[in-house]
Structures are given as C-alpha cells and as structure tokens.
Amino acid sequence: MANSTFTTIGRKVLMALSGFFLMFFLLQHLTINMLSVISPDMFNSVSHFFGYNPVIQFALQPVLIFAVVFHFIMGFYLELKNNKAREVKYAANSASENSSWISRNMVYSGLVILAFLALHFADFWIPEMEYKYVAAEAQDATRYHHELVEKFQSPVKVGLYALSFVFLALHLLHGFQSAFQTVGFNNKYTPLLKKLGNIYGVAIPALFILIAVYHYLNPLTH
Amino acid sequence: MNLTLKIWRQKGSNVKGKLVAYNVADISEHMSFLEMMDVLNEQLVNSGEEPVAFDHDCREGICGSCSMYINGRAHGPDGGITTCQLHMRTFKDGDTIIVEPWRAKAFPVVKDLVVDRSAFDRIQQAGGYISVNTSGNTQDANAIPIPKLNADLAMDAATCIGCGACVAACKNASASLFVAAKVSQYALLPQGQVEANDRVINMVDQMDAEGFGSCTNTGACSAECPKDISLENIARMNREYMRAKAVTK
Amino acid sequence: MSKLDAKIPEGPLKDKWNSYKDKIDLVNPANKRLIDVIVVGTGLAGGSAAATLAELGYNVKAFCYQDSPRRAHSIAAQGGINAAKNYQGDGDSFYRLFYDTVKGGDYRSREANVYRLAEVSTNIIDQCVAQGVPFARDYGGLLDNRSFGGVLVSRTFYAKGQTGQQLLLGAYSAMNRQIARGKIEMHNRHEMLDVVVVDGKARGIIARNLVTGEIERHSAHAVVIASGGYGNVYFLSTNAMGSNATAAWKIHKKGAFFANPCYTQIHPTCIPRSGDYQSKLTLMSESLRNDGRIWVPKNMGDVQAIRDGKKKPTDLTEEERDYYLERRYPAFGNLVPRDVASRAAKERCDAGYGVNKTGEAVYLDFKSAIQRYGKEQAKLLHMPDASPEKITELGEKVVEAKYGNLFQMYEKIVDDNPYKTPMMIYPATHYTMGGVWVDYNLMTTIPGCYAIGEANFSDHGANRLGASALMQGLADGYFVLPYTIGDYLSHDIRTGKIPTNTPEFEQAEREVKEKIEFFMNNKGTKSVDHFHRRLGKIMWNKVGMSRNEKGLKEAIREIKALREEFYKEVSVPGSDQEMNQELEKAGRVADFLELGELFAKDALDRNESCGGHFREESVELAGEQKGEALRDDKNYAYVSAWEYKGEPSEAVLHKEELKYENIELKQRSYK
C-alpha cells in the first residue's frame, strides 16, 4: 500500500477517492441547508442532531476534515510535482486547442475554494466550536436557523460566497468526471456520466448560491 | 508564400538554447512542413551556417520520429497527424511560426529540435512485452480465438507510434497515454494475461522513475495524438493497476 | 568454375531445410555465453534476429541509426504478410506459396531458399500471435485473411493498414525483453561505418555515435547486416529519409559480393510528385487496386483541359476514358503484378497522357466500386428505391470501411477528396530485390558476415510479390539465421573475446576518421541533398522503369562525373564532434554514388527483361504479347554477383547459375 501511494496512479486514485467523499458530503450539506429555506424548524432539529451526535462529531467530522486536508495537500503536492516534469516551458503554447481551461486550472479553482473554506470556518465552524467546547454554553436546539440567516445579511459576504461557489462549480465540472476516469470508469455509460457530472457541477453550487441569496433577501423580522 | 520562422536552437543538452528567427521565401502550399524545413536547411547550408537538427524518418506518419511543437501545438495546428503530415496550406503568407522541441524533463533536448525519448524505450523494457521465446514452436495461431471486438480494441491501442506528442501536449508532461496504450493492448488479449499484474506495476514504476508527471485527465494527450488513442486506455490502465496492486503483495 | 558456392543442401526440395537443420553443428548453451554477435539494423529482420540470438544465449550488440529500434522503416509496410496457413481452405500449401513466389520473381530466385521461406512462413504467424500482435480477426475470433497481389488464394494476414508496424512492434517487444535481461546491448543513434575483417573473417564494426560524434570500435564473432534496401539511390522513393545502403556497401567494399543491383521494384500506386522540393513519396497500399480502376483520358484535348484546370476528371464520360490496364490485359485488368502496372502507367505518361502538372500521374478511380457496393448495400438493407445519392452514400461507407485510413492519408497530402474525385497515382521506387549476395546460410562472401532481410538478394528474384517482404524479413531473422549462424559459430567457442586493439581495427577506424575529416574540411559550395537529387534524376530517367543500352552507358558516365564533382564541391557545415545530420547524409550519398554506378552496370549487363528490370531491347516482337517484356532464360538464368575491385566500373561479375528442378520456366502472361 505504501508503494501505491507513491506512484502517480496511486496518488491520483487517492485524490479521486477523497474527491468522491467530498462530493458526497457536499450533497448532504446542501440537503440540510435546503431545509433552512423549506422549514426552519426541521433545519434546527437536524442541525442540532448533527451538532451533538458523538458519532458525527468525533468520528465523521475528523474524517471529513482529514479528507479536506488530504485532498488539498495531495492536490498541491501533485501540482508541484507535475510542474517539475516540465522544467523549460514552451514559448508558445495553445493549450486551449486541446483541453478545457477548467481542467488545466484545478489548482486555482481549488485555491479559491480553500480561501472560501477559511471564511466559512470563521463564519460557522469556529463560533460553533467556541460555543460548544470553549464557552461550553447550554444546548439550544432552536438557535441554528437565525444564526445562519444573520450571517447572510452582508451583501459583500453573499457576494463572496456566490463567487466562491462559481469556482466550486468549475472545480466540480472537471472533478466529477475526472474522478470516475481515474478510478478506471470509462465505458459506454461515460457520456451519460459526463452529463450527470455537468448537472451536479452546476446544480450544487447554484443551489448553495440560491440559499445564500434567499436568506439575504428574507432577513429575520423579529 | 513568405514566412518568418522562430526556431529553437540549442547546441547540445548542457547548453542554453534560444529562439532564432529565420525567413523563408517562395514556400509552396503543397509542401509538407518538413519539406519547408528542408528548404530552410538548404538555405543555411548554402550560406555556411549549421542547419537545424530535427528528427524525421519515414515522412508518412508512422515511424514516430518527427516531433515539433509548432505554434503551441504538438505536431502543429492540424489534428490526427504527425509533423511530417502537416502541410503548408495550413498557414498563410506572412505568418510567423514558432517551432520548439518537445518539452519534458524526461525528454532532454539533444540538439535544436531533437529530444531524447529513450525513456519510452525503458518503459517498454520494464514489461511492454509477452515473455514467449522466439522459436516459433508455440501453439498454432488459431488455437486461441479472440473476440473480434477485443482484437480491434487491442489494435486501436497498438497503433501508438511512440512519438511523444502526448507528453509534449500534457500540462504535466505525463506519459500516461503512451503507457496505457501498451498496457491496454496486452490487457485486451488472452496472451497478455499471464504477466498482466507485473507488467502494469513495472511499467508504471518505470514511468514514474523517468520523471513524467501524473495524469489529471485534461484530455490534451488524446486530442493531440496522431493516432487518436483514446482516454479509455488510461482508465483501463488504472483499473489494471488497482487490480494488480490488490492481488500482489 | 565460379567462386560462388551457394551451399544448397542435397536431397529433394521438400526435405532440404529439415534434414539440413538436423545435421548442422550446434553451440551448447554454456558456450553461447562466450560468443558475441553484432546486428546492424533493427527492422523486421534485424530486430527478430537480435531477439532470437539473444534468446538462444548469444551476447548481442544491436545498432540502429534511429533514436529507437521501433522506428525502422519496416514499420511503414501497410498491406500484410503472407503465410501458407491455408486457414481459408482454398488450396494453399507450401508448394503453392513457393511456386507463386518464384513465378512472381520472374524465375530469377533460388528454389531452395524460396521453398524454405514458404515452409517457415507459418511459424511466423504462430510466433507473432503468441507475442500479442493484434492481427485482424473474423467474428468467430479466428484470424482473417485477404487476397493480395493477384494470387489465387487468400493467404495474407493483416493488422488494418499497419501490418508492418504491428510486426515490427512485436519484434521490438521481443528485443525489449532481451535488453531488459541484459542479453542485447542496444546502441541507438549509432551508424555502422565499416566492417572489420580479421584473418579473413568479419570480427567487428566501426560505428559513429550520432549524438556525440565519437567513433567506436565494436568486436564480435559474427556480424549480421540487416540494414534494408538501397531504394534511396533514386533520392525519391517510398523509403524513409534515413534509409541507406552504407552498411551493405561497406561490406561489399571489404569483400562481400553484391547481387542483382538492377532488380528494383517500382510500385505502381504512390502519390505523385508535386514539385521539385519533394523529399519523399508516399505509397498507397496495393490493395487499392482490388477496387480502383486505373485510367487516363483518351483524348489529348481533355488531358490539356484537366491540366489547365478547365475540366475535372469527373466531367469525362466513360467513352472519353482509357482504362488502359483493362484494355491491354483483359484477363488480369487492374490486378496485374506491380512491375507490369508501373510500366503501363509510364507508357501512358510518356505518350503525354499524364493528368497533373508534372505530367506524371494517372487516375485511380473508385466510382465503379462505390456504385457496386452501394447497390449491394441497398439490396441488403431492403431499399429497392434507393436514390442515386443514397446508393453513393452507402457505397462510400463500404469503401471507407475498407480503405478509410488510406483515403484520409491521401486527402491530407493532396488536399483533394478521393471519394468524389479520382485519386492521382504514379509509380515510385519501393523495394530493392537485389542486395548483398548470400549463400543458403545467409552468409556473404566474407566468412562470419551475414546479410538478412531486404539487405540480401535472396528470395524475391527479379520482382517481389505483395506481402512477401515482411515474410522474408521475419523468416530470416526468427527462423533461418539463428540456425545457420550456429553452424559457423560452433567453430568459435574457444576463440575468446575479440580484442579491438588490433591493427585491423586501428586501420578501419583510421579510414573512417579520414573520410569524416575529408568531409568536414572540404569547403565545397553545394549541399549533400543537391548531389543526391541529381543522382536521383539520373537514376530515375536512365535506370528507372525502362532501360536501354544508350541510357545506361550515359548513366554510368554521368554518375561517375557526379561522384567526382561531389568530392570536390560538397559542403558539410558544423562539427564532427556532435550531432551532425549533414555529415551523416554525406557518407550515405557518397556510397549511393558508387552503388548507383554498379546498379547501371548490372542493368547494362543483363540484356533481358525480367521482373522489375525492363530492357527496351528485350521485348516480344510479335503475336499477342507484342511489346511485352521478354525474358531470356538461355543466357541470363543466373544471379549476377559483383566483386568490388576499387571502382564500380572495375567490378568483376561472378555468375551463380540458377537451376530449376521443381518448376517449369514459363513466360509470364497477363493478357
């Protein structure tokens, strides 16, 4: 196993697997967030369950963080290594003739997502950790919805979120089908899969943007 | 037509190179790109200068020798061809054409536009063969029927000419398409099954040792491949590789 | 009594090879490790020989001028490889393949060699399939065959239009296995510049490292030359740009006789020359003649109108077209052998009917085939009222499935759609049947020096049949040489390593270096290509498809004069201490300038028409065959083997009489 980690294919397969995990996570995250639009009460109760369930908090959350960190570190490592495979660059290079911009610039869309994650952690995860473990305040199963809505009252922030999701879309549009290709899935279903990937890559970020905009346009009235 | 050429000149592998501009006149649109280079070289020889070194041999798109990066494209601006099959009718009078060698750490420049592609040979030597002796006393050729579809797919993979355009075009200088084509050819045939696991592991290890980058599925390799080798082969190589890793220690 | 001993084993034809193999001396495996063999060239013959010799246990040193053994020009062979497998059950046999080859070669090849070739042909297919060569298969999963070159059976195995590539990659893979084992020491980008003869035996070579310019000595107990043919003596040919005769010519100068240099195959279906800048010609597979019809306009007015662009070939009605092959050879039509088809095209173009600007092109038309296939498809698909457009569309699809890659190649080069307008083709130099003289063991007249594949003269006589070159290259390399060389090497098991610090090596190296220094210091004014082009023109015009005494004598004089001018005026820039492609070419052209003269001399000597060699003085004067080639078995049923004596003009002719005990000599007729 150690050996496979260190070959190009081994590394890429691990990138793909962590990618699959993160794409699944995104779907789940989106589902919960959709509840904040559809039913604030349900959103609160699900959030509360996720926030205090020990399996999720102490088993799944570290796995998720590990997957995120791994995906980023491996991604940058591969990018650096791949850069070294061509020491002298071309004076003229018409890469757009043979490949898409998004497929060649995964590291940049990834960097934007990384910056976004810092903002996102500062907005939600750090306050949450502080609430639960530093300040050790009492459990309150009704606080999540309004905490969420309050975060989206600044147009700048909503703009930043929306922009980040555009980059997420770019990342997913290549990442989805690329992950399947890397794990060896390329057959008569591939055209269908690519369509599915395009739907996924556009729909998930679009819905996230929609949620942010929705909360901006519907501030809490109490 | 009259053209300005900016060509990479480099004396040897350890010397710095640079783009040098030349003018050629009265180029016929029916010439192949390499015939245009012949005109330039004849011009240089006649003026006592050293001609541009470039690899070329069959000039009919099958030997895989020619290897020019022309105006930012491997084998130039037309698809599904090698440099020797590129014709001047693709260009316009007055054009400036930039010609560079393949660029990859694993393909060091030997001189001018000539690069050293022996890394490809070493990858093949690591396992790109079936270990049968050459006595001819193997079994009859028709003893193992092979489904036509598999034979055709194996043939499609086997048409790789080893030119290195895939490496040249890939942003990561990855040799995945080249290695995958050979792995696929044997993986699709019953004769290749016996050594399948060792083959894919050894060839991938050698590919990495040569300093090629990894595949990020941009598809540039297949788009620039003169023989249109499909990305399916890379997926097949990855499957073979994962299976081999799972069943061997 | 001739100096030549072909060493053909006694006994009936069918048993010669097998009983010979039983009797020859073998080298035991432990002793093979003590023996080195040099193989020059890594095409089908050299690659398969190197792999097999290494497999047997010899230490092999292989050399090629390309950057990888995989790039040898065998890779460009398109159509297929013959083998007497009789998988189709259409009556094929060793004898029939043998017979077709001897007849196709116009009765100028050696019976015993050809029969052996036919016998081992079946092993080649078994071997290649075991190696993973993806030959075409039918829906039952078994190997498919096509017919080729107008023979009466389907015995050609193929891998799309890239059979040579696949077979070469098979041999290359076998080499790779031995390189990985350390049994082959591979020298890429090296060119052999001389052979070293010690005590009358070939014991090594002098080679130039084409990257560093270094001159290297390599020793061995035997030297195998597998460097291909000399078609580039014409400058324009279907050979690769680097294909050269230097290795073969150097051994000739050191004592190997050169046989039948005038036997050259001019292939009828190549893409015509488009201008003076042309660097090489591209072959379109012979298989196209299975469906294409060859014609030129009947009327000169139409020819001129087409050349001026005022008319298109499609404007001409059937009555205005001259399907000259069908007219002259009703029995075989467009499927006459290559030499006949080529001469017929030349005849029409010389008469002024050539259809392009250079006047050297005829049409190869697929319209009839497209219509025929289209109607067939319409019937199969139950479309009784299919429109003419639909029929054309269906027909084009069938043609595309058969020849798609060739049509695409044509379109890329000529920028014209061959589905809509007929292709233009013209004959071009393709293959050389002549080469280094070898005996039954494939050994040249230098003991320990062997020649295999296209480099030797052995199996094709005066004309090679389609899909037979691949067969011969692999037969020599995989299945013949590895046996016969053992017989010679069995006497060398106690010799020990051949030292390279001997006077013979020193002298050979000195001569090579002097020649290189000459080129580097010869401050001439003209490029190497300039002389090569001029040589090519002389060869094509006077020693080409049709030859006569006057032209040949002129050619001999002109080549000699050109050679002298070359040495005075050639310019080689750069340094010899680095990669220098002009220097490489200079050495090769120097050898072509000698070979070309011997070629013409041989053509002059052979005052008969046979196969690819057509003498205008030797034609049928009357009867149905009037004007056709006339062979002269009484006076010329021999192999011409030339001994080098300092100048090509002084070469001495040795004759190996050809005896036919199993075949009756007949005049070929395709009427």
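When the chains are written out, they are named A, B and C in that same order, and each has its own residue count from 1.
Note that contacts are C-beta pairs under 8 Å (C-beta built on N, C-alpha and C of every residue); 3 or more make two chains touch, one makes a residue touch a chain.
Because the structure is a prediction, the values reported are computed rather than measured.
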By number of C-beta contact pairs, the top two chains: B-C
Chain at maximum distance from chain C, centres defined as averaged CA atoms: A
Chain A and chain C, separation of their C-alpha mean positions in angstrom: 62
Averaged-CA centre spacing for the pair chain C and chain B, given as whole angstrom: 26
Distance from chain B to chain A - Cα centre to Cα centre, in angstrom: 37
Per-residue multi-chain contacts in chain C, two or more chains: none
In the complex with chain A, residue positions of chain B that touch it: 6, 8, 19, 69, 71-73, 77, 98, 100, 103-106, 169, 171-174, 176, 204-205, 207-208, 211-220, 223-224, 231-232, 234-239, 241-242, 245
Chain C residues within the chain B interface of the complex: 48, 51-52, 55, 66-73, 75-76, 85, 87, 120, 123-132, 134-143, 159-160, 162, 165-166, 169, 172-174, 176-177, 179-180, 186, 188, 211, 238, 240-242, 274-275, 277-280, 282-283, 408-409, 412-413, 415, 478-479, 525-530, 571, 573-574, 578-579, 581-582
In the complex with chain B, residue positions of chain A that touch it: 1, 3-4, 6-13, 78, 81-95, 97-100, 103-104, 106, 174, 177-178, 181-187
Touching residues on chain B, where the partner in the complex is chain C: 11-12, 28, 30-32, 34-35, 38-39, 41-42, 44-46, 48-51, 53, 55-65, 78, 80-81, 85, 87, 89, 110-111, 114, 116-118, 120-121, 124-126, 128-142, 144-148, 151-152, 154-155, 158-159, 161-162, 185-186, 189, 191-192
